[in-house]
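Labels run A, B, C and D following the written order; every chain starts at residue 1.
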Amino acid sequence: MSVTQEHDQNQPWTWAEETWREKLLKARAGRCLKPASWKNGARMAVAVSFDSDHETFELRNGGISISRLSQGQYGARRGTPRILALLEKYCVPASFFMPAVSAMINPEEVKAVIAGGHELGMHSWIHEFNSRLDHATERDLAFRAADMLEKISGVRPVGMRTASWDFSPYTLGIAREMRLLYDSSLMADDEPYELLEDGQPTGIVEIPVEWIRDDAPYVAMDRMAGARPYGGPAMVLDILQRELEHAWEEGGLFQVTLHPHHVGHRSRIFILEEIIRLAQSKGSVWFCTHAELAQYCAQECGLVTAAPAA
Amino acid sequence: MSVTQEHDQNQPWTWAEETWREKLLKARAGRCLKPASWKNGARMAVAVSFDSDHETFELRNGGISISRLSQGQYGARRGTPRILALLEKYCVPASFFMPAVSAMINPEEVKAVIAGGHELGMHSWIHEFNSRLDHATERDLAFRAADMLEKISGVRPVGMRTASWDFSPYTLGIAREMRLLYDSSLMADDEPYELLEDGQPTGIVEIPVEWIRDDAPYVAMDRMAGARPYGGPAMVLDILQRELEHAWEEGGLFQVTLHPHHVGHRSRIFILEEIIRLAQSKGSVWFCTHAELAQYCAQECGLVTAAPAA
Amino acid sequence: MSVTQEHDQNQPWTWAEETWREKLLKARAGRCLKPASWKNGARMAVAVSFDSDHETFELRNGGISISRLSQGQYGARRGTPRILALLEKYCVPASFFMPAVSAMINPEEVKAVIAGGHELGMHSWIHEFNSRLDHATERDLAFRAADMLEKISGVRPVGMRTASWDFSPYTLGIAREMRLLYDSSLMADDEPYELLEDGQPTGIVEIPVEWIRDDAPYVAMDRMAGARPYGGPAMVLDILQRELEHAWEEGGLFQVTLHPHHVGHRSRIFILEEIIRLAQSKGSVWFCTHAELAQYCAQECGLVTAAPAA
Amino acid sequence: MSVTQEHDQNQPWTWAEETWREKLLKARAGRCLKPASWKNGARMAVAVSFDSDHETFELRNGGISISRLSQGQYGARRGTPRILALLEKYCVPASFFMPAVSAMINPEEVKAVIAGGHELGMHSWIHEFNSRLDHATERDLAFRAADMLEKISGVRPVGMRTASWDFSPYTLGIAREMRLLYDSSLMADDEPYELLEDGQPTGIVEIPVEWIRDDAPYVAMDRMAGARPYGGPAMVLDILQRELEHAWEEGGLFQVTLHPHHVGHRSRIFILEEIIRLAQSKGSVWFCTHAELAQYCAQECGLVTAAPAA
């Protein structure tokens, strides 16, 4: 067989059906876990989350740009305090996902998050891309990250979010081995669902995210790469409001992912406040952490999870 | 002759006239097939289409990102059902173009499309780029795709749309060999036209598309590549409304290409609804599938097609 | 001397002053050629131009994408006719810059442009980048392009616009050798100015352009490269209106560069109409071709040009 | 040890804690230098700055594009005069940061800046990226740039801004050796702060900037690279107004970075005017240069700087 033929046989259009089916089934949406009704009969659930990457979004690239490291420090120094103050003002619980290194740099943020009644979730070791790791490395970093968050916060995390939503072929197996309650990195639905591994139920709840409901794609700036602020904050708010309004119409879940070093800026913090105000104006809304949401959905839908009892 | 000279002679500015003329004539717009009047005397024709790529938009790149595969699954799980419900609510027929692999993954979507009275059209095997294939491979994939769609749906497709509108030098010949009624991948007009091959009429109807009337360029997101959501949904709607209003003024065709995994999201589905409502508010409008449109234009303009009678 | 040292001495920060001064002076803005008053005492001059690249914007890249070639054909088939109709409706003269190959493909457009009383200007041979050519090649293509335009249109062009505004170190010398009246590719001012070559006056009028007043940066789409439509047509109009309003305030020139295959689309043609209407609403406005403008400025400012008398 | 293992050990996720801590501490935000009240009891401080890069933004890339050089010349020829006229009209002092080469090309701009009562600050030699230089080269260029600005303006600069905010591991040490009063390149806060080097106080004031409050990310255009105007000027103004309004609410500093060759255009200059008008409408505002701001913050917060007395 020639080199060219060999090359051709690696092309997607030459794959046998089992090849692409196997890829599809690695980690796939199973049954929907939207409960018959939300907690206390609320019409809508609202799960607000923050990825406290701070300095790690540059460290993971080598930590070369001092300017970008300072943008990360802004997140911890100005962004998170503004966010925590808003959450307190409106009595909204939220989930903070932190890379272990970010927690080590900013242990006082970890303490403030816990003290505020919020959830602390896993978010990789140093914001590394999982798909660049072998199984042993990804597994080792995941366990060490959980241990470190527990050590600093005093609470064992029950859920994870992969950095950059880079979910590798090993990630689901590791989450199962860690007996996590939920993951929040995938995008196959608006409502929570059970993750399937190779077609089999796993007992892991997926709380789906979407780039649509993430501030970074709209506002991240990287001078040396091509990322730019493509839309103003008014556009970002408009999109989130539309997502929220439609979730309300469907009686479903509204989930959002924000970053202290993005939304925590003076010209953007109103986005968070307006979203909270819009949700609260609806009346019948359950604000919950991701852990509470996963726990409730699992319970209402009779999902047997491997997670230790809360 | 030196290497440099040889290199120079391959540059476009060194080409002889026949070189660029040959490129131009490969597949080019011939006579306009806009009929004297639309069906039932309607002032405007509206042809709505959906490219149901779903998981294949990532599989065609190797199927490496589980996150992107989940975005594709969203299209089938949430996007298409929302779209089909809207089309039913407003009694609008549409055309769904599906890669064969997407149809194999989502056969129930194929059935729902057919059951709803919509058209199922070809859209490659696994969303491969045609221009990366040799003639035999492109031809083989095209025939297998048509067979697979027919096998799952029970209906032989009469039209095709190339994936990513990547129309190769072989595509038109293959479409002729398949005796297709129409293609919908090129952009030389607002109105249907006859395709010429090497300057000769082919009897194939082209239903022109444009990136302007496609949701993907505005909202597609690829973390690892540079694609970002550049404009909000309000901007997308504004552009489509302007295209539609001007089609109305001209008494012409308004054609649009949407994707279930893009427009099917909660914050974007209103774009489709508003477009339908605007068109219906005009009164004298013919909503048609691409196949009905091509058939009607061919008939009214006396085009002899090679397609089997419907 | 080591390789590293040699490399370092080629870096801009190691240059001697004469090195960067020489680069600066290659083609630089000299004295301003804004006349004391515009023709017939008008307060503002408006010079509208169209770059009729059509198929050449893809041919110059190798002519590989049939889809992009069809977008170019749209420009000639739908875009230019819409534009010419609008110009006629509002009695506005304009300048059309055409690559020679575009004129060869679309000779009827050339004739319609001339018949409409508009100007035909040079715009390269096949939309090649000048900075990739040696002197002899650029010179040869320029002379052949002028000859070809004259042959098709019957009129010798008196001005040029480089393709993609890629003005090489040889371009100005070639323009002088051709005894051109003006160039329209550079951006050092809002008002016409005299070009200096190596610090010396050339008698060539520069009618400055800007990407700000060009439709392409906002709406061009290239699936395989990264170009996307970043802002909607309402944003483009807003920017042009602001440029025009400020030109009115200053009693200056408003110049704009549009493309039939961009602005000629149904959802964008209103941009041209609104700009014309806004200008005409001011009352005291001189609409002129680029050639008329250059001729008038040269005459009023006592510039001795090498161009043959009109 | 294999090559692969060695490679792996250079990855961020394999770093020992001291490795990333050392990177973090190179130049980091220390104590906040926001004074108890602004000068004369003003509620808000407003520090407007302009980076007069002009031709150097292209020279630093090799000075190949004559078109881009002409865009730079526009900055000096049209942009700065418009800006200086506005600043005079509203009696607003500002800081102009100029690469030494830009000052050499445009000495009359230097004189007009000084004559207008504005500050002239350092901004590299030829807009080079610091992170591509070794220590000796960066140091040499910095000292030569300061000498050149002093020679042309008659005033020794007391502050610096790195080009493209590319702050190298050597930059802070060089600033200390130069006994500068302040730097304005980093982003860890909204308010001035003291810079720490390896965890130790330096006596250098940082006046933080942000890409959010910079015109370039929104409007810069580079035909050959991917930069495009992503948002219109109305979006830019909206963002700056939100930053300013929130600064007012907090009684803090509003700092902004603009470029004559960007904001100086006819369609953008209103952004500067509207920002000044909004600030002045607040009443209790202290408009200051960056040097005055740094001096005041240092004095009010008891910071011992190494800078010579003004």
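FYI, contacts are C-beta pairs under 8 Å (C-beta built on N, C-alpha and C of every residue); 3 or more make two chains touch, one makes a residue touch a chain.
Model, not experiment: these values are computed from the prediction.
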From the centre of chain B, which chain's CA centre is farthest? D
Quick one: superpose chain A on chain B by CA and send over the rotation angle as a multiple of 5°. 90
Report same or different for the chain A and chain D interface, where same means the shared residue numbers exceed half of all residue numbers found there. different
Between chain C and chain B, distance of the C-alpha-averaged centres to the nearest whole Å: 34
Separation of chain A from chain C, taking each centre as the mean of its C-alpha atoms, in whole Å: 49
Residue numbers in chain C touching two or more further chains are 226, 230-231
Can the chain contact pattern be summarised as a line, a ring, a star, a complete graph, or none of these (other)? ring
With touch defined as at the start, can you tell me which chain C residues reach chain D in the complex? 8, 11-13, 15, 17, 20, 23-24, 26-29, 131, 164-169, 171, 185-190, 208, 210-212, 217-218, 226-227, 230-231, 235, 238-240, 242-243, 246-247, 250
As the complex stands, chain D meets chain C at residues 55, 59-67, 69-71, 73-74, 77-78, 101, 104-105, 125-126, 128, 133, 137, 141, 221, 223, 226, 228-234, 265-270
